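Going by the order they are written in, the chains are A, B and C; count residues from 1 in each one.
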Amino acid sequence: MALYTILLVIAGALLLYCLFLTRVSEHALPVYLVVPATVILVSLTIFPIIYLVNLSIRDVGIYNFHSSWPFVGLGNYATIIRDPEVIASFFRTLQFLVASIGLELVLGMCMALILYQEFKGRGAVTTLLMLPIMVSPILVGMMWRYMFSFNDGFINQIFSALGAKKLPWLTNEPLPLISTILGLGDPKWAANTLNLNYGLASIVITDVWQWTPFVALLVLAGLNALPVEPYEAAVVDGASGWAIFRHLTLPLLRPVIMVALLIRLMDAMKVFDTIWALFEGAPFTRVLNISLYNVGITRKIYGQGAALSILIIILVTIMAQLVIGFVERLEKA
Amino acid sequence: MGVAKRGRIKRLLLGLAIFLMVVIWAGPILVVMISSFKPESIIRRESLVLIFRPSAEHYHFIFTKWPFWQFLVNSVVVSSLSTVISVTVGSLAAYSMARFNTGGPRYSFWVLSTRMAPPAVLVIPFFIMFSKLRLVNTWWVLIFVYLTFNLSFVIWTMRSFFEEIPEAIEEAAMIDGCTRLLAFRHVVLPLVSSGLAATMMFTLIFSWNEFIFALVLSAFRKTLPLALGDFVTGYAINWGPLFAAGTFVMIPAIIFTLIMQRRLIRGLTLGAVV
Amino acid sequence: MGDDLSNGLSESLSDGLFVIRGAVRRSEYRIENLVEWRLVKMVKRLLKVFLVASLLLGLGVCGLFASTGLAATQPVVLVIRTGPEADGLRVVAKEFTKETGIPVQINELGRQGYEYTITTQLVAGTDAFDVAFYPGWLIGEVVQAGALEPLNSFIAKSDPKKFDRDDLLVVYGLGDKIYALPTDVSVHFLYYRKDLIPDPPDTWDEYFEVAKKFTRSLNPKSPTAFGAGFSAHAGEEGPKIFSSVMWSMGGWIFDEKGNVGIDSPGAIAAGEYYVKLAKAGVISPDILSWSYPNVLDAMRAGTIAMAGPFWNAAYAEILNSDSPYRNSFAVTLVPGVKQKDGSILRTPFWHGWTLVMNAQSRRKQLAWEFLSYATGKHGGAIYARSGGGTPARRSVLGNPDLQKIRPEFALVLKTLDIARCEPVMPFYSSYSDAMNVAISQMLTGKAAPKDALREAGAKIRELLKKSGK
């Protein structure tokens, strides 16, 4: 009956709050208005994080869930950072971030520049391109699992209809050419250790598919807001199209690109659904969030999962700091 | 080479690029929608089948043999109640922050930072806390948990909308004898109502699409995105019904994009940040 | 977080957003009097109606739940994963309701992480179900959380003739407490195309030779693309398939004394055998993403000439499919290793799915009625007739009438005589994960079998040490 008690308490608090809403003095009103939001946010974020810290220094798992949880200090952290799977998933996450965000920024810019041209039906095309953004990520994952499927997948169907070879999407097979181009030697080794395999490529493609339109949307808005005067001056000076883009458009767009980078970085760190739908947690595709799910939910060692959660939170904070510092240095220069 | 010819080539290339973009980005969605009408016998054919007689068997299946309506009700109730709560509570806070700068930049950054952590890190504490409270598998747990990402989103977007309303309008109303709250209700809110509607639709979609919290906290009160996993059975992936149900999961997102396209950026920059 | 961070973020954000917002606002106001504005208004009105309606609906449904909560005949809730087992148990439940008048509600969940979902739910102390379809190999894990109801007292009260414990292949428990009764048993078979392969391979070496013959990259005239196929997907199946091979080569997981054998010479030989198959290309390059459905699809599509070690459940599915090859497949015992005395050591894997009772159930007696009916002789026979399930009762498997409909039952019994199963362990999911990682490393060539299995062995020793204390 905990549910009804909680609901009753919440309803009571709400009633009291509304009762006093009209009676609070003008002076206290601003604080009074942010109280409910603050209470909810504290109970939903600060409290769980404190709880998480507590879990992370204890030995908790399914084996002692209903009894006492012995204190183990930093033992869970030590186990986690020595776990080769977690270390591998950390580097995989970095690779995923760099590859997908890099591609999204470049492709998004191209898309925006094309959409910036005048052509018939531009509105309709823009709308069509924006469709993927809001589609549920789990469905996007399932959709691409079908597209990538080896025998009956849509992409391989097209390939074989065109007479080309089917590609082993969603597998650990090495990507062709890449290791030769980079001079890495054995492609098998590159596929395993450096994740230069179709599996990671499939994840990146899925993410790029969903989020490139979003970057394009941001850049397009930036393009629309560009001042006209410098362009007139440049045209008078006889600058070429590429020079204008390189020396005028790109610097003017920089703040917008930085915002896109920041948003995508924070968002890509959350990735879970699509990879889960594509691989159901296969070891060679685990990023940090999947590893966390594997430790905490699949293997049910809650203490170690909590330690990994804390490490991820610290990582996200550091990344935010770095990006913001970078943005600031650019602004100053 | 004449200027006219070069222009023509340029237009041709542009046309090709646009065509390719549309195929790549709208194609997969179309493939899913079309495949949901493919009869079972050809859906796992190895060769490409483009022309077929459409069949509604998969839709028939999900409506009659699968508790579609139950999942739909769960999804609708959870996302709409979470939206109502976050919009109400969030607007109050946003108004206070926009008008009185309550808490300063530190407070607003804190609100924003609550969205920064990946949801996966909250799964373990939420699971343990809510299972000790016996709240797992209820609508309430999802409604409450979805506030983690909805509330800070509402606060940030609504704050920007409130900031656009000149304070003079409210002051004029207050001189006429209104209290601050009455002015808020009768003057400010109607002015931001389109922004409010947009914000609401965003929070609806965010909750509608959510997966990982539902997976861990509500496996027996499934929302639609979670229920899609039903078709990945131990013996086969039933693409047909999966696509039919998936089409229903997509529909709100697509309608939303069609209506909201001009406002998409604003919502997403504040929404996706962090 | 510091001031500089917040200020920095606000500044950089507002800089970028200023530009964007300016653009957006201009475009918004430009088109405000156009269609979009009207649409927004319409949507606003719709939203209002929608929200009010959903609120009312929510309250209504709450009320409905409250009122049904008071009703007298609540059904026994069974949770099960989608698939033939669910189809079979549904028929059993229907019969049960007809005979006893006790209604049964069946709640189906998808495969993705089914066992982890159920375990998580049991640990969380849910009362959403009374009886669950649960993997026998995870019993040791979930029992620790005190989430399962011991069945001893129910068994003691029931008619021993009717219940007949000896007829059951196995009962699952810890110490002297029984927690689960098997409802479905799975063993490994070797599937082969009888139109192509007149003599199925008896040893793993012969298996490899036959596989080479039917691999198109090695033999351009081969009618099939790959000679063999099995599940190597990191999930439930990967380690189990590997066990079938490993045991026959002399490896083991760990014994009662706690000796870990996962990195013994026999296990390493099995790992090297896997690598040999992969290197020769007789299995599909994406074998690591193959789980049951992929293997089954490959059989139905005629892509592979043999599947094995592979689950007995596929036999009925292949027969009932519309595949052109549905009658081309035959089953036999999995291959093994020739011993010094000339005999062949075959060690097919077997395990059972069970029915367990939720300790939080509020209808335990009714739940027991259903549980014992479904795992009983009568229920088992219905189950065997109605779907692809394989009941865990010797009497049912040996029933000649049933063997007519389910010809593979004889082979199931034959396999069970020599089959082995995994030791009961309280850390199964960690063990399974370690094995999946090792298999993935071996098949991708990331680590040599020796190293990959040594790593897995170290993990298992650690787990044993931990659970021993």
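Simple rule for what comes next: contacts are C-beta pairs under 8 Å (C-beta built on N, C-alpha and C of every residue); 3 or more make two chains touch, one makes a residue touch a chain.
Keep in mind the model is a prediction, meaning the values are calculated, not measured.
Asker: Treating touching as the only link between chains, describe the layout with one word: line, ring, star, complete or other.
Answerer: Topology of touching chains reads as complete, every chain touching all others.
Asker: What pair of chains has the most C-beta pairs in contact?
Answerer: That would be the chain pair A-B.
Asker: Would you mind pulling out the distance in Å between where the CA atoms of subunit A average out and where those of subunit B do?
Answerer: 16
Asker: Using mean CA coordinates as chain centres, what's the subunit A-subunit C distance in Å?
Answerer: Roughly 30 Å, centre to centre.
Asker: Subunit B: which residues touch two or more other chains?
Answerer: 44, 46, 127, 134, 216, 232, 237, 265, 269, 273
Asker: Could you list which residues of subunit A touch at least two other chains?
Answerer: 151-152, 218, 221, 259, 262, 297, 317, 320
Asker: Residue numbers in subunit C touching 2 or more other chains?
Answerer: 1, 5, 9, 13, 17, 20, 24, 27, 112-113, 120, 123, 297, 301
Asker: Of all residues in subunit C, which touch subunit A in the complex?
Answerer: Within the complex, subunit C touches subunit A at residues 1, 5, 8-9, 11-13, 15-17, 19-20, 22-24, 26-27, 112-113, 116, 119-120, 123, 141-142, 144-146, 233-235, 284-286, 288-289, 297-298, 301, 303, 426-427, 429-430, 433, 436-437, 440-441, 443-446, 455, 467.
Asker: State the interface residues of subunit C toward subunit B in the complex, per the touch definition above.
Answerer: It is residues 1, 3, 5-7, 9-10, 13, 17, 20-21, 24, 27-28, 31, 36, 39-41, 43-44, 47, 50-51, 54-55, 57-58, 61, 79, 81-84, 107-114, 117, 120-121, 123-126, 128-129, 292-293, 296-297, 301, 313, 317, 322 of subunit C that touch subunit B.
Asker: Would you mind writing out the residues of subunit B in touch with subunit C in their complex?
Answerer: Going through subunit B, the ones touching subunit C are 41, 44, 46, 73, 76-77, 80-81, 83-84, 105-106, 108-110, 112-113, 127, 130-131, 134, 136-137, 139, 160, 193-194, 197-198, 200-201, 215-216, 219-220, 227, 229-237, 259, 262-263, 265-266, 269-270, 273.
Asker: In the complex formed with subunit B, which residues of subunit A make contact?
Answerer: 2-3, 6-7, 21-22, 26, 29-31, 33-34, 36-38, 40-41, 44-45, 48-49, 51-52, 55, 111, 114, 117, 119, 125-139, 142-147, 151-152, 154, 157-158, 160-161, 209, 212-214, 217-218, 221, 259, 262-264, 266-267, 269-273, 276, 288-289, 292-293, 296-297, 302, 305-306, 309-310, 312-313, 316-317, 320
Asker: Report the residues of subunit B in contact with subunit A in the complex, numbered from low to high.
Answerer: So the residues of subunit B touching subunit A come out as 14-15, 17-18, 21-22, 24-26, 28-29, 31-32, 35, 43-48, 89-90, 92-93, 95-97, 99-100, 102-103, 107, 111, 114-129, 133-135, 138, 140, 144-145, 147-148, 151-152, 155, 179-181, 205, 208-209, 211-212, 216, 225-226, 228, 232, 237, 239, 242-243, 246, 249-250, 253-254, 256-258, 261, 264-265, 268-269, 272-274.
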